Amino acid sequence: MAPTNSLILLTVFLPLFGGVLSLLLWGRHKAQRYVGFAVGVVAWMASVGVLWMNWQDGIQIYRLGGWQPPFGIILVADMLSSLFVVMSTTVLMMGLLYAIGCNDKVVKHPTFTTLFLAMQTGLVGALYTGDLFTLFVFMELMVLSSVSLVAISDNRLGLEAAIKYLFISSMGTLFLLLGIAATYSAFGTLNFADIGQILASSERPFLAREAAIMLTAAFLLKSAVFPFHFWQPDFHTTAPTPVHAVLSSVVVKVGVYGLIRMTTLLFTSEIELEIIRTILLVLGTISIFFGSLGAFRTYDGKRMLAYSTFGQIGFILLGIGWGTPLALAAAFVYAFNHAFIKSALLMLFGVVSSRTENKTANLSEVGGVGHSLPAFVGVLYLLGGLSLAGVPPMNGFISKLGLVQSGIDAEMWLTLGLAVGAGILTLMYMTRTWQLVFQQQPTDSTAAVKSYNDNPLAPALLISACVALGLFAAPLVDFATATAEQIINAPIYIEAVLGTESSAISRR
Amino acid sequence: MLGEIIGSGLLIFGLFFFVVGVVGIIRLPDAYSRLHASGKVATLGLFGLLVGGGILMPPLFPRLLLLGLFFLLTAPAASHVIAVADQAANKRDKQRFSENGEQPQIFT
Amino acid sequence: MNLVFAMTVGILFGLGVYQLLRRDLIKAAMGFALLFTAVNLLLLAVGAFDGTVPAYTDQTEQSSDPLVQALILTAIVVSFGSYALLLGLVNIVSTRFGTARTDDVNHLQN
Amino acid sequence: MLLRMIYAVPFALIFMTMSNQWEITGLIVGYLFGLATLLLIGEMPGRIVWGRLPFQLFWLMVYITWLVWEILLSGFDVARRVLDPKLPIHPGELVVPIQDEEERVIVSALSAHAISVTPGELVIGFSVIDGKNHMIVHSLDIDVSRQQVEQSQTKRLKLLKRIMGDRD
Amino acid sequence: MPILLLVVGMPFLLGMTQHIIQRLNGRMNTGWLASGSMSVSFVLLLTIAYQPVIVGQGALTYTLEWLPDYGLNLSFYLDSLSLLFGLIITGVGTVVFLYSGYYFDETDERNRFIHLLLLFTSAMLWLIFSNNLITLFIAWELTSIISFLLIGFKGNKYASAREGATRALVVTGGGGLALLVGLLALGSAGGSYEFSDLLALDLTEHAWYIPLTLLLLLGAFTKSAQFPFHFWLPGAMDAPTPASAFLHSATMVKAGVYLLARLHPVLGDTLFWNNALMIVGLTTMLFSAVVAVRQPDLKGLLAFTTTSKLGALVALLGVPGGYGVKAALIGILAHALYKSALFLSVGNIDHATGTRLVNKLGGLWKNMPITGVVVIVSSLSMAGLPPLLGFVAKETLLEAFVYDPLLLAIVFISAALTATAGYILIWDVFFAKATEEVHFHPLHKPLEVGLLVLALATVILALFVTQLLIPLFTPLIPVEFKLVLFPGFNNVFFLSVAAITTGLALFFLRNLWRRVSEFSFNTISVYDRLIATSEWVADQVLKTQNGLLRHYLIVIISVVMAILLYGGLVQDIFSMPSVELGTFTLPDLLDVMLLVLAVGAAYASVRVRHHLNAALALAIFGYAIGGVFFVEPAPDVALVMILVETLATVVLIIMIGRISAKQRAEAMEALDRNFNNRAGAFASIRDITIAVITGVSMFAFALIALVNRDNRDSIAVWHLDNAESAVGVTDVVSAILTDFRGTDTLIEIAVFATATLGLLALLTINREAGGEPEDPIEEVTPAKISIFTPMIQVVASLVFPLTLIISAVHILYGANAPGDGFTAGIVSGLGIALYYVVFGYDYVNERFTWLRPVRFVVFGLALALINAVIPILSGGSFMGLVEYAPGLDFANLKFNTTLVFEIAIAVTVFGGVSLIMETIAHPTQVPFPTDARRTSTSEMPVIVQQPESEFEQA
Amino acid sequence: MEVLLNVAVVTIVLLMLPCGWRAWRGPTVADRLLAIDLMATLFAGVMVVFALLFDQAIFVDVALAIGALSFISTVGISRFLAEGKVF
């Protein structure tokens, strides 16, 4: 039995508590945002603590209410969830920091901080929980708070994006509920470890495949993979910058996380695994294609980055689909690095568009806007853009490196060719926008420029992290490799959650 | 035994008025007339069930009484509000569609 | 009976999807109300065992599955949250964009 | 406050009924909840004359019994009409004065409520004619109602005033 | 080895600190500093160049671990090949940096340029000294990036600079990505990412040989501007001239050649290798030479002669048996010297005259004789005249191809054309008469003098070629070889002379040649067309993002159903046991009736046009399903279902009411299915098909689930067994909700609160944004008849307290009966809703001063969280069970965390529902208040007269 | 006795079908409303019979809740009907 760790609680529930308390500061938006950031910092430290203990002592758990799993709910911090949580809390913390220096109207709304922190609770909770239904509830918390945040965005089209997303996401909710229904019908339990154990040790019951498929669909929808992606460019682009930075970098990763869990713990039997992996490889490849081309050709800077996320998630799916320890580790590194790069770039583009009168990111209107910004913003954007394209020595390169190595081991030449093509496109659109915004002189069609802009501190910190993660990649890669080795071995997780005598648990 | 007979009788009594109420809303010619059937008659049917049930199962009686009082209070009000709303809606529609602006007659 | 139950679930899903795909946002939102209820009904169907009495500990006969009921309860509340927000969005979208037709809300393209 | 303390008693009874707690502790909890509820509600209508309180309660009982009786009658009345193949109804609307000198809202309301449970009659609106409150009554048999509706309102009003604690 | 670290690291450190140094000493020219450091490096490299360890076939390696998991090490490899390149880089760098110090007019520009160039130098040195394949790639990409920045150096002024920069980056960076794949494949195939290990291997028989070689060649060819990727190099001429000289002729473009030379022992000299290199190299060589001569711009001319030379180098490495290696090495060196000198000279010309066009220039000899000397020496070296290094290069080049007449012909023509280009540079620029007056500005002396060093090197190296170069080349050349300035009057010598004279002939015919060679095969247009094609494909891709929500949903549903049916359902349904119809009991009969009602109502809600009617049908549907739950029997669920259905209906109807009648009517029209036209019919059939497929799938799904349902292991059994003993609750559903899975409920109420807050935000933001643009009720004449009649008001004010009492009972005794905190919250919230509906916003707010929904939500959630934490303090778990008053038995209540949790749930949900109602009921004209609003508590009568009297004159 | 109760339940539920028909047919919204109101009353009746059938008081509570809810929704819908909107 794994050790109980209360820091997990702090990571999950402190944001919720902070969000509730910030409602008491109704109308004092500055104070609310400071509270939000403080909460973000503490939650981040807690999550790092959990990660550290994980590294030291192995899997950490918390039994909510003290009930024995699989009967009660359990929060499980294995290396995978800890890694994803640290990634999320870091970016969320930076999002909250950005919000402090943000000039959007929406961040001054009395509910902003609360909704943001609710999103954080939903996200982190979904990553830590070891129970399928709790995952659903946490994900809904995340969805509803993010929908609200986008709907009240300064961009009036946020409404349209929000309603479209809510429709599509509700579809995803249905898939998830169907998946839960099938899971419960097939296994009579909701606990990840228990499901994995039953499927591994007994004859495959009816609806197991259906469960796998519906859960896959739900997670794919959350991670905005083809053909579930339609909501994503709209929803992310119209979101307020601090929210967009979080959505496009870490919130989409919940789906990725779910898929990893499914392929390594829940559905490790051959038939289900083959179904899921086939889906991932096919859709991942199409997503790379769609996302890269979309980003290459779209008309709006933030939208470009949203499409880019679409393609990047495709790469991560390939890693999950290949499923070797090397590929999984590469997928984790990829996911982790992408979170930092993407959030930083989005914030930088947010800084750019905050400078324009109508907060536009439309590429035809931001030409030369960068000249009115501090020079280092352009440097940061270029660094981030190159990192996104996988150019060394930034962290984006480390991501590509691992993934290409595992692709070579899998002899996926065609996919690697696609990766090269996507990389070229990324290089093109990132340098093109950099030249457009930071090099080219303002033209007639450039939007009117204000005298102030959002504070670029948060993206600066994130880009620094990107550089650091590129130059000193070893700790992350080591951790990811260890993570992959841990999760490939499902009995470790099962034993940590259910105990050694787990197979002897009587349900009757 | 006697209680059971009386209780059953009251149950049947209640059911009968439920049937009457439903037949009423089918047969009666206009909405206001149907309100008589849906409001009063159905409430009476419910009373039948309540009293019958109370006799059959005395421990339930206080609750059933409470339920009865509640329906006695709200059923006429519900019928009333439906009627009022219907008139208002008619009037609104007539005002909207009257060409020469003259006030339409509502009350006959 | 199983057959009837399953058929109902199927019909409700079909109707819900059809409603969801209509060109009227209000109706499409209603489609989700249908679908959510249908899925709750389905959840009821997957209960681990068939009961004849409510899930109370003082029962002597076979109880209905309490866990599935708890799940449905939570799902009802959560989907109500979505539904309410969806309705609010439909409302504001119609006032902001001057239309409640699904296909007219298409400013975000490419 | 005094008024609330009295009104809280029926709430306590309702609470006990619903929670099935028939001990004194249940009464206390229910009473406290009733009181709290009434505090939340705000202002209370009515006035207290201690001497009349038992009579008021008595008349209230009478009134409720009478209502039940009326509803019974109206049930049979509608049943008779509906089940008759010829459907013998002559629907129509009447305007009936409420006759309350003080023009109290609660009296209007209770009058309308009472009429609505009487056989064949239903209040479908209110109207002010010559400064006096009137009810618009829909009747299933307009000819019968026309003859008796005003007298029964007078009787009803008398009863209502007694319940309200008015001097006769 | 520390010398190597110093050589590689010094430019980097200098580059990073250069701004600081400049700030410390404002008048200092950092060009001198950089140049000095370069010369120091050059000397350092020179000192080790002839040491036995290098000369004697060996190599030095030095390794630092960086990212061992991925085989990434910071390791260096020093052999004569890297030394040769190192000497070129540092040597030419010395001159180029000195030149750069005087080339720019503005200090800022100069500093920025030198900064970038220093970083480049560091990266370039790292590239050639890398022992590790991955660090080689890193340095490779870094040079591409800095090249991008240098080409776009004047990007804020010229669009062409930006375009050229992007093009160069796309080609070299993109080729670099292919290279990465190739290198990693190479490492994987060879089992090591270190050259020191790989060079001992022969991988030509490996299964991946062809793909990995192809990828590596792609990387090398793009970097070294080989046909058809060569176009980026002429396009890069917008870079400042020192950059062109350094990156685009002497060093960076040779990285591809370096890589090919480096890998030649491992992968080279196969049929595939030789043919690929030969075809691409010779094509590039010939094509560029042809095009070079007709370039009007001197830099263009130099650029194409550069690609021509690079083609020659590539082709040489493809000569079978390694017989071209010698010529390649000599060519690299010779070309670096004369071409950088020529570029810098052109920079001088440009600087001095303001133009680089051949036809505008002329007669510069008298104005700039020093540059003239440099140009003459370098051009003649390019043309291959003795006694210059270019002569040696050309001789060895021709010698390598003697074995095949066709190849020799190609090389010969190219050599002749290159000579022509050299003559053009000398004659047309310096001695021919200018067509128009050339304005001349004097130059800084160092701009000219520095170049003499390069010219001198061209001469000296040629004179001492045997002594200086043979020791360096010996370890690199796999065959016996000789290297002398003048090998004698053999065939090759005559060929060489012929080439020089043919070049001269072509020089006299140059105007004719320009016309003849004007066939247009422009690879830039190929590139552009490629881009345009990708854009077209991207546009097709983006067309799927057409903004139509329904299409999105259709795609999603179809795909999921297809996967579901194909991946599982069909198989399961055919393999499952036959469906037992079973006995038909009374609950079954009820179920059937309720289900029929539900289906009918659902159908009605789909079918009816009017929204209100549909809403009513939906309500009936919900109640009927609630009835099914009752029959199951699941009273807890049924109660919640009915409550939530009511609330949902109320919200739905309110929301419908807020949408203007006109829009609703339009939306209703949009509902009509049009079977008359093709598109309409298609859409209808499509939608119906999808609905039917979904329905059938879900039917199968439910059927399997139902068949699955009997007598299985489920954790629910444990819940049934332990609810009373562990939690002391008889309602097992309640026990699960508040205890076993209490956290679900905690988050669930957070979801509920979030939804209500979201709704609040949504509706208030809209108001703050200047009100609703279109008043939703504008065309509705307010009715004269109010529904707030006395009867309704009195009954409503009696019903509300009743809902509160019901709530209290649900909270306190819900543990053993249906109903709980949640139902309590909904019931009381609906009571508030009733008040809002009947009495209106203002009245409710003035009467219920305590009603601050946000505070309720805050209090409820905070209470729930604190209550969840308290058990921890007493040694339990979060959300655990603690008795607050163990001995107390009061009204059969248990004062424990469960009770407090129920209260918290009720308060939160009540707050949420009230929040929805308050927000919706708020009159839209007034700006939305903050929560800390209500100050006035004016005395109101119990039943307020509405502004518009409910008593109306008939 | 149980037979009678069962018959009662079935009868009442069957009675809901014509109510549904009226709700479907209209013709006015008032007709639909009153049909639904009647259905709620019938539903309360079913609950009462259930309470007798299963011997559980909770069903009466449910009936009470349903009564309250039906009243509230009726008022809300009426306001919509009267004013074309609720708020």
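As written, the chains take the letters A, B, C, D, E and F, and residue 1 is the first residue of each chain.
Here is the rule we use: a residue touches a chain if its C-beta (ideal position, glycine included) is under 8 Å from a C-beta of that chain, and two chains touch if they have at least 3 such contacts.
Fair warning: this is a prediction, and the values are worked out from it, not measured in the lab.
Common neighbours of subunit D and subunit F, by the contact definition above: B, E. Comparing chain C-alpha centroids with the centroid of the full set of protein C-alpha atoms picks out A as the closest.
Across the two interfaces under comparison, E-F and C-E, the one joined by more C-beta contacts turns out to be C-E. When each chain is reduced to the average of its Cα atoms, E sits farthest from subunit F. A separation of 27 Å divides the Cα centre of subunit A from that of subunit C. Taking each chain's centre as the mean of its C-alpha atoms, subunit A lies 62 Å from subunit D.
Each chain gets a centre from the mean of its Cα atoms; for subunit A and subunit E, those two points are 15 Å apart. If you average the Cα atoms of subunit A and of subunit B, the two centres end up 56 Å apart. Shared contact sites, meaning residues of subunit A that touch two or more other chains, fall at 133, 137, 140, 144, 147-148, 151, 156, 163-164, 167, 178, 181-182, 184-185, 188, 233, 297-298. Counting partner chains per residue, subunit B shows two or more touched chains at residues 21, 32, 35, 37, 39, 43, 45, 63, 66, 70, 73-74, 76-77, 79-81, 83-85, 87-89, 92, 107.
For subunit F, the set of residues touching two or more other chains reads 29, 33, 54, 56-57, 61, 64, 68, 71, 75, 77-79, 81-84. For subunit A in complex with subunit C, the touching residues are 133, 136-137, 140, 143-144, 147-148, 151, 156-157, 159-164, 166-167, 169-170, 173-174, 177-178, 180-182, 184-185, 188, 233-234, 237-238, 297-299, 303.
The part of subunit F that touches subunit D in the complex is made up of residues 57, 61, 64.
The touching residues of subunit E, when paired with subunit F in their complex, are 586, 589-590, 593-594, 596-597, 600-601, 604, 608, 612-613, 616-617, 619-620, 623, 627, 630, 633, 635, 638-639, 642-643, 646, 649-650, 653-654, 656-658, 661, 776-777, 780, 782-783, 785-787, 792, 795-796, 799, 802-803, 806, 809, 817-819, 823, 827, 830-831, 833-834, 836-838, 841, 920-922. Residue ranges of subunit F in contact with subunit B, taken from their complex: 1, 4-5, 8, 11-12, 15, 18-19, 21-22, 28-31, 33-35, 37-38, 41-42, 44-45, 48-49, 51-52, 55, 57, 60-61, 63-64, 67-68, 70-71, 74-75, 77-79, 81-84. Here subunit B touches subunit F in the complex through residues 4, 8, 11-12, 14-15, 18-19, 21-22, 25-26, 31-32, 34-35, 37-39, 42-43, 45-46, 49-50, 53, 56-57, 59-60, 63-64, 66-67, 70-71, 74-75, 77-79, 81-86, 88-89, 92, going by the rule given at the top.
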